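Take a look at the structure set out below.
Labels run A, B, C and D following the written order; every chain starts at residue 1.
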């Protein structure tokens, strides 16, 4: 039974051994030699160092292509032409499924045909040496970004390969990313990743870990995102992670977004042990984008403006081509520059918006309620509590494809565009909190002269891609 | 008589929002929707089509690996003597593709209709009504569905 | 001596007669027939009607090409693909100089070569019929936008040609647009334009007039822009103008921009006669743009966001190609859509920003001081007061190329990016007001560890095109 | 000995901000700047160059009519026996031009150097120092100018 306890060194070793046959490149992984290798990297490539010492929001894009040379080219472009402060390497979907053979096929195909039919960089296939070559050839600190439920081998190879930041977590890379993976298993798998991170940290290599805050990216109520981020942070801290970046995806309402980022930081600092350095990351709108680059630039700009007001430590940018598919490197760099322009024009203005404190208090209250229920459902054990919470629906994620989540929660926007909860299922929120959500949504329903329904939710899902924030009624199916 | 359609996201793709919306819209339009959810294999599509004596199969793919994931799909259907309209929709290629080329590629693979990611649910409904000879009276559509999302 | 009195009908007629020989197309102008023509236009082409009955900010681009067919194509594109609510026709620079022969040359050249070497639509050369064809073939209400100090013939032809809105004014189309035109003369010339507008209005054709608020577009302190707009409004009202749109150009500081737009509306309503309907127009950043479309999109988006907070009646949009030259129609439409996305995502959010009231009060107090000095310098006559105020420098515009202005005022941004006044010259602002400006600028100078100098002003002029709001010190000449 | 440069905006162009900045930067770099302001005719440029025994003429144009405005300018200079470097800079064509083509066009018209609107004042200063053989010691530059804008 998985419990929130630190893996022993022998367990860690045993698991690492058991993974060595999964793909040939695993053989080359050598912990001590890797620690030494990390020691050779200059300060400006130490991810945690750069992130934790920044004095304004750092920008990071998403980007991953199958071939090494192309990945270097892409990241160099994003650094030089986009002005990225932190670099990513997005992993392909086959690797995320641990289908390294399929990933190899895609990589070989890409090498032969010159066409990229993989949607990311298959880091395991490139192996330790490939990763190190990448780390050395790119100009900045670099993170593994993926969506892999079982990322143990990926972590082994990429950590040995010189990466010093790793996205994901047992909940955030299960619930939004898979259908039938057991949550208990992913928690175990991430205990390995976090323990490995902890071990590197103990040996002086401060690897940064970043739970994936946006979850399904689609109208996720801030309290849910924050509660899950903190839970993942707690699980990671148990394994010895000291550099933790909690994330949150823009919902598009300024007040709610600023309030949520503040609540995220506040609860992160409160719930996590003192020796964990908590930073925050803000993801520009993660839901459906407008099918039009001009409008997409507007969405990205609103993200930049929000970041200027909320001052997270890091911003993950989107590109104007988000709707269509993986962006060209030029479009990706453009998204960075548009975001930068907004931040740099606004950040010195010191803008104070009304109502943020109130919204923040409401978010914190709800997130606390969810967090407390996790702790109590597990009788003090966060791992067990997480499992019970998802089983019962006390914790739930809207639009979750995973069978591990009830998927009973439905969000909708209120009359000011703040994301509220329409259907709670068994969510651990008391009647008073529920009543507040209902009141807000009833006000909207009244404005629109219709009842709250799935149609309203669907309208909200489409709203930003249709050019607005709130899905006001339009013609069509009901 | 309501027509039965099989709906799912193929391969290891987990993008569920599109099929959730499609499910609701198709159901509201009177179809019997068998929603297989995300990360559905070719075999699961074929089995479901047989088991439910389906009238059409709707495949969704967003993450860019549609081509690999659909290779051999129509052979499989054929070898199970399933001859029914197959639709595919979503972001069907990796990157900023030329849509016409992508469409033709999937038509060559055997899909009856190919939809891009700008597709409104209504377009799928209209196409199904046409391909499955749904008459105007049948199209009336049932009541709005309950608020629960099926995954 | 020009006085702020209504032109008599006989004077109006005499002047109109005297202009008939300036260019052959003037002969075709027939007031009564034109009134009838306007009567035939449908409601959705009545500019004042559409603008004054709108319930959210309407968008209008700038656009003008020499040939009629191309202008129709351009405007139709901006309407259909850009979603413009109001259409423009920007006039070429030769027409602005009353050099109709040169404009004709450019037009002929464009017709022959297919290349547009004129920077706008030569409406006088197209004549009454050409204008009417344009008005009829485009889908929306349409305004003449130009920069012509002596726009009398342009007004005669375009009003007869069915246009129902006309930008400009005696100060705003002199001071920023010319070197040696006498201000007294331009006031007289605009009295004609305004009286003609008044006459149309009396005959039931409500022509909208719009003083050019942004002036030199370069760090213009809000109080100066507002004072000049109100003065032009007063002069126009005397001649019978009833539909008046006062303008203001974005400075890029959210609080100051929202405050300025509110002050503009408040003072406009206070100073202008009750039977004048005052609307406001917000111009997206009119100074130097970034030489990069991605960053330019950020600037445009900040304009859209500001408009959502301030809710002017109309927004004049920019395109991402502003830096380089007259934009393609696609880029122009993109600027509209980016702006729209921001407005539509933000407008229902009901955002309240702190400190706007205070800034508004400061702007109003300064603008009032300038306005009162105009009235008192003219012993109650606004026309005479305007002349004296510019002669003495009591009213002045930064970066004015005109010899009619002292050009002694120099603006600079304070530490929050609000535009303050560094050099006052003889500006009619009392010591207390000046002290407030100085305190703000001293604080910035202290932050930067340098004295206030022209270099600081130059840095501010470049700042937005360099990617930020405040021109913090950089290397180079001092 | 300070070099004298004539500076102005040609034609009916009123964009004054660029030459205001250039004036200040050139003055700070030690040049004697004769700033003719905006809306300056060819004749005014030529007369000023003669009257001040100028070492170079700097023409600015932003509004897109540079080509028409500069036609015959170099003939005029030549017929007044003025043989000196001529620079032009700004937004030299209407619309989104191909810069190389624009640059060549103005070079063919006789301009010694052609600058686009991304030009930093320092680039003009460097070019002048080169073309006018200004020595390094001379380049020291005088004190920052007063704060007044000259128009």
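Everything below uses one rule, namely that contacts are C-beta pairs under 8 Å (C-beta built on N, C-alpha and C of every residue); 3 or more make two chains touch, one makes a residue touch a chain.
Keep in mind it's a predicted model, so treat the numbers as computed, not measured.
Under the contact definition, chain A and chain B share no contacting chain. Rounded to whole angstrom units, the spacing between the C-alpha centres of chain B and chain C is 54.
One inter-chain figure worth recording: chain A and chain C are separated by 46 Å, centre to centre, where each centre is the mean of the chain's CA atoms.
Per-chain CA centroids place chain B at a distance of 66 Å from chain D.
Shown for chain B are the residues in touch with two or more other chains, of which there are none. In summary, the structure contains touching chain pairs A-B, A-C, C-D. Listing the residues of chain A that touch chain B in their complex gives 93-94, 96-97, 99, 102, 106, 116-119, 147, 176-180, 216, 218, 287-288, 291, 321, 323-328, 331, 398-403, 407-408, 410, 422-423, 452-455, 457-458, 461-462, 476-478. If you check the complex, the residues on chain B that touch chain A are 9, 11-17, 20-21, 24-25, 28-29, 37-39, 63-65, 67-68, 91, 93-97, 117-118, 120-122, 125, 141, 144-149, 151. If you check the complex, the residues on chain A that touch chain C are 252-255, 290, 292-295, 297-299, 301-302, 304-305, 333-342, 344-346, 348-355, 415-417, 464, 467-470.
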